[in-house]
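What follows is a structure written as structure tokens; I'll ask about it next.
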């Protein structure tokens, strides 16, 4: 069960009661419910702050997986223009990836997005946002097209990770992910990547290498799912909550580590509480990043991207450890 | 076996402590093998040709003509996430240094192979399951950059459980770091050969391993992105025998060739001699 | 419908003789359609949206704003193999010129589309089944070369049974000729869009058609390499419905999008405006 | 039934009788069979000249399809070195294509070959030399590798054509063939293509674009199989023999048309009568072509290749026809 959905229940009940009271007061203007409504609204606001004011890593994991969370399609729908381009030209069109050309606030862009479904039927079609090799290969084809036509690349990341299935291994998902990452490290157009929900493992990174990495406030970006991590390290999946905390997978943690560039605030209660606001905020931030990058010579953009990735991760010399006596 | 540098000899002595038993049981054919014979046979079972997992140091000794000039030998991980699970990350690292005789999961450097100068990095599964953190990423990246600078081909022998959990997203991003560095070698049109050894999975298989010009796999090596257990749990059925093996890779078009460990050095030399227009050879020492 | 040049009008008059009947039966829904209405509706059935095969001249009129400057308009095939089967090759050509109103299976030239200068070639299935011989190859090659020279994008609407038997290997080699010319356009980083219309098979589908940057298909258009009958005879079973249709292409990843004929011009303009950094537009005439 | 195999039967009988007589004369040196042997040998030689001296197009079609004809492997086996490289890196390794790096008379080369089987089992494995999309994609990968490492490309063509099956269409053989042709038209290394048996349709052309096109004397290179052509044009596959003659698919016809560059003579009776001689002859010719091309700057090689293909096929102006009165 999603812990955020659980915690929302009380809120939704209150919302319902406030709504009922409001329509009652409209039907009976003679009776005054002003005080009652006010009291409930105060209670609602304080409960909301209590629940959402300071989410733990584990709660953010569930926020990122919230069934009502806006999908990539919500952001794509807000572009000025979008023409979806299908297919890897070899095997299949993967519905877990939406790719195409369009305009973001007037700017020409190539869009590459990972798309989860909203209901069971769409999730089966979209493979729950788990990209198959042909989805990465579609993305790779479009990255090359973006380079050919000097279209900056904008990505939306929302996947629990690569597909753990037979077909994905048979058709070489390792190679497919590797080629996307390689291409993004030196594609000669600006790349702005945004994590909007779950950014899981290599599957996310295939769309997550760029000049600016933006995360929604409650999105996560992680080497592995907390459950997977706990299973590996503690041999105990129930330690997932502890793993989530240790993995430093929240936007705040990753900004502090210097790995991501921007955090886009979500409405109190999460992106799904005000999709329009969330979408507009992220698009504004993406547009800003594109403007900064487009003003630079592309050689410099690619060089700075190289330097950035080249310097991720620090180390010490053997003798430093010896001196400090650390073991 | 070819001679190794003092450095390697020193490391090797360290290693000799690691498993004191004289006899080893082959997991494939159950034959009891005398450890000394097994090592002389490049850790290949003389009865069934099972390829045992090979420590980086033995691998280097089996491939390089003579001296091996290690780069970034003394790099060690920091603990960026202050990680603790059942142990702290520094505790785990210390234990693995002791156990494996190497100070990280990859050894990288330069030497010659049949007289051809090459950059060579070898991953060591006995250190943290060959996982990639910042130090592995750094050494692989340095190997690519430095090979490009020296205008020599690069060879990487992989053996890895993927990105290292204890370094979190920093470890995952080493996939991008190593890929970025690889573009330097590619721009110089120098060959990069990857030798997939058992096992190679996760973030290593999904980055520099499968970006190679030529991909060689050791017989029966298990190579894939998702682990076998994870897939079986997800699809709720047993995977067929041979799934994700070297032979599976060949059938599905993901590897160029399977090479027995005894032929590996000769095969690498042959490929390099053909790929390099005028192979920069030194006087062969092998 | 946009105006057409005198040349096109002249050709169109010729065409009006080709099928005198006032009524046409829709092969999909069997509805009887008044020819004039059908032509005004871009040869799309008003009842079931079936896309009739479209003569090159109608297609050009439906896509180009105003004037269309045809190139190599007067090229005609020679008879390199002195071909005869039931008729001689020149006899067949003469009959097809009469029937189709075009003098070869492709019409190529330059014009503007929503104010964007473009090169456009349209194949005509009513001339020798849209087959490609030396003249078709030449016109397509000229289109690519000339588009590169003028720095404008190229659009090709295909409809073809493949390479033209009566010109033997010379016809097959037009696949290489057109591909070679395409590399000029690619080197100039200019967009090339292919519109696959019913039917597109054989040597045309296996050369410039599938080399496009963006591949658009008309609804239900049949597109593939081998013909349906040949496959059925070989595998000795009936092919599933929908095999090799535009929808099949999308499912299997071979086309970018399916566009209804009524939206085609607008869709092409939109794609070109996004792909071209500062779309070289003339004052829109449409 | 293969018409060449039919015609060979009388020859093989004579061969047998000569052999028998020779061993008899060894066992019985006292009896002299010299005259008988000589007579049979004369008869054999004259029959051989009669049968093979002037093959028709149709007979050459059957020679090209002869079950004993040397396959690509025979030529590859004669290289100084060869390392086979497998796979398209996406779907499957196609056994109908053998690709790899090696040396031809000391020259570094990338080899791309279409391979038919020798027996039923091998033919099933090799798909009778009909290449699947993943076979073309393996070839495409290796063409790019050849360009990267400046390895001249040597191809061996022997296929009845592309695969007329469901999977091949599903996985986009049109696109796969198109990409190979496109790549060969401007790959920046010399390309020497050789038709060793059947060169059928687009499937052959995917390996058949290059700076020098060499054909074995009895190989064919055709827009379609004579049977297919007859079925299309006469609606009568039994007209295949006539179609073969009209299609100008023999090495001699194609040299006269200026489409191929060299013909390598086969032993009387066909390549399979002396495989070693045939292989050595072709390799010598390939080596010569490589030497000529390698001596030129690659820019010039690529330009000349462009000019060559750009000018294949002639036409007339509408008014020329009008003037001549041809219809």
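A, B, C and D label the chains in the order they appear, each numbered from 1.
To be clear about the criterion, a residue touches a chain if its C-beta (ideal position, glycine included) is under 8 Å from a C-beta of that chain, and two chains touch if they have at least 3 such contacts.
Because the structure is a prediction, the values reported are computed rather than measured.
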| request: Have a look at C-D versus B-D and report the one with more C-beta pairs in contact. | output: C-D
| Rounded Å distance between subunit B and subunit D, as computed from the means of their C-alpha atoms | 43
| task | Report, in whole Å, the distance between the mean C-alpha point of subunit A and the mean C-alpha point of subunit B. | result | 33
| query | In whole angstrom, how far does the Cα centroid of subunit B sit from the Cα centroid of subunit C? | reply | 53
| For subunit A, which residues are shared contacts with two or more other chains? | 89-91, 171-172, 175
| said: Which positions in subunit B are in touch with at least two other chains? | reply: 210, 252-254
| request: Draw the chains as points, connect those that touch, then say whether the picture is a line, ring, star, complete or other. | output: other
| Considering the complex alone, what residue numbers of subunit C touch subunit D? | 73-78, 80-81, 83-86, 90-91, 94, 103, 133-135, 137-138, 141, 163, 165, 167-177, 179-183, 202-203, 205-211, 223-226, 230-231, 234-235, 239, 243-244, 248, 252-254
| note | The subunit A residues in contact with subunit D across the complex are 89-91, 133, 137, 171-172, 175-176
| remark: In their shared complex, subunit B is touched by residues of subunit A numbered 162-166, 168-175, 177-179, 181-182, 184-186, 201-202, 205-206, 209, 221-224, 228-229, 232-234, 239, 246-249, 254, 257, 259, 305-306, 309-310, 312-321, 326-327
| query | For subunit D, which residues count as touching subunit B in their complex? | reply | 81, 83-94, 101-103, 108, 134, 138, 145, 148-151
| Can you name the residues of subunit B that touch subunit D in the complex? | 189, 191, 210, 213-214, 249-257, 267, 270-271, 274-277
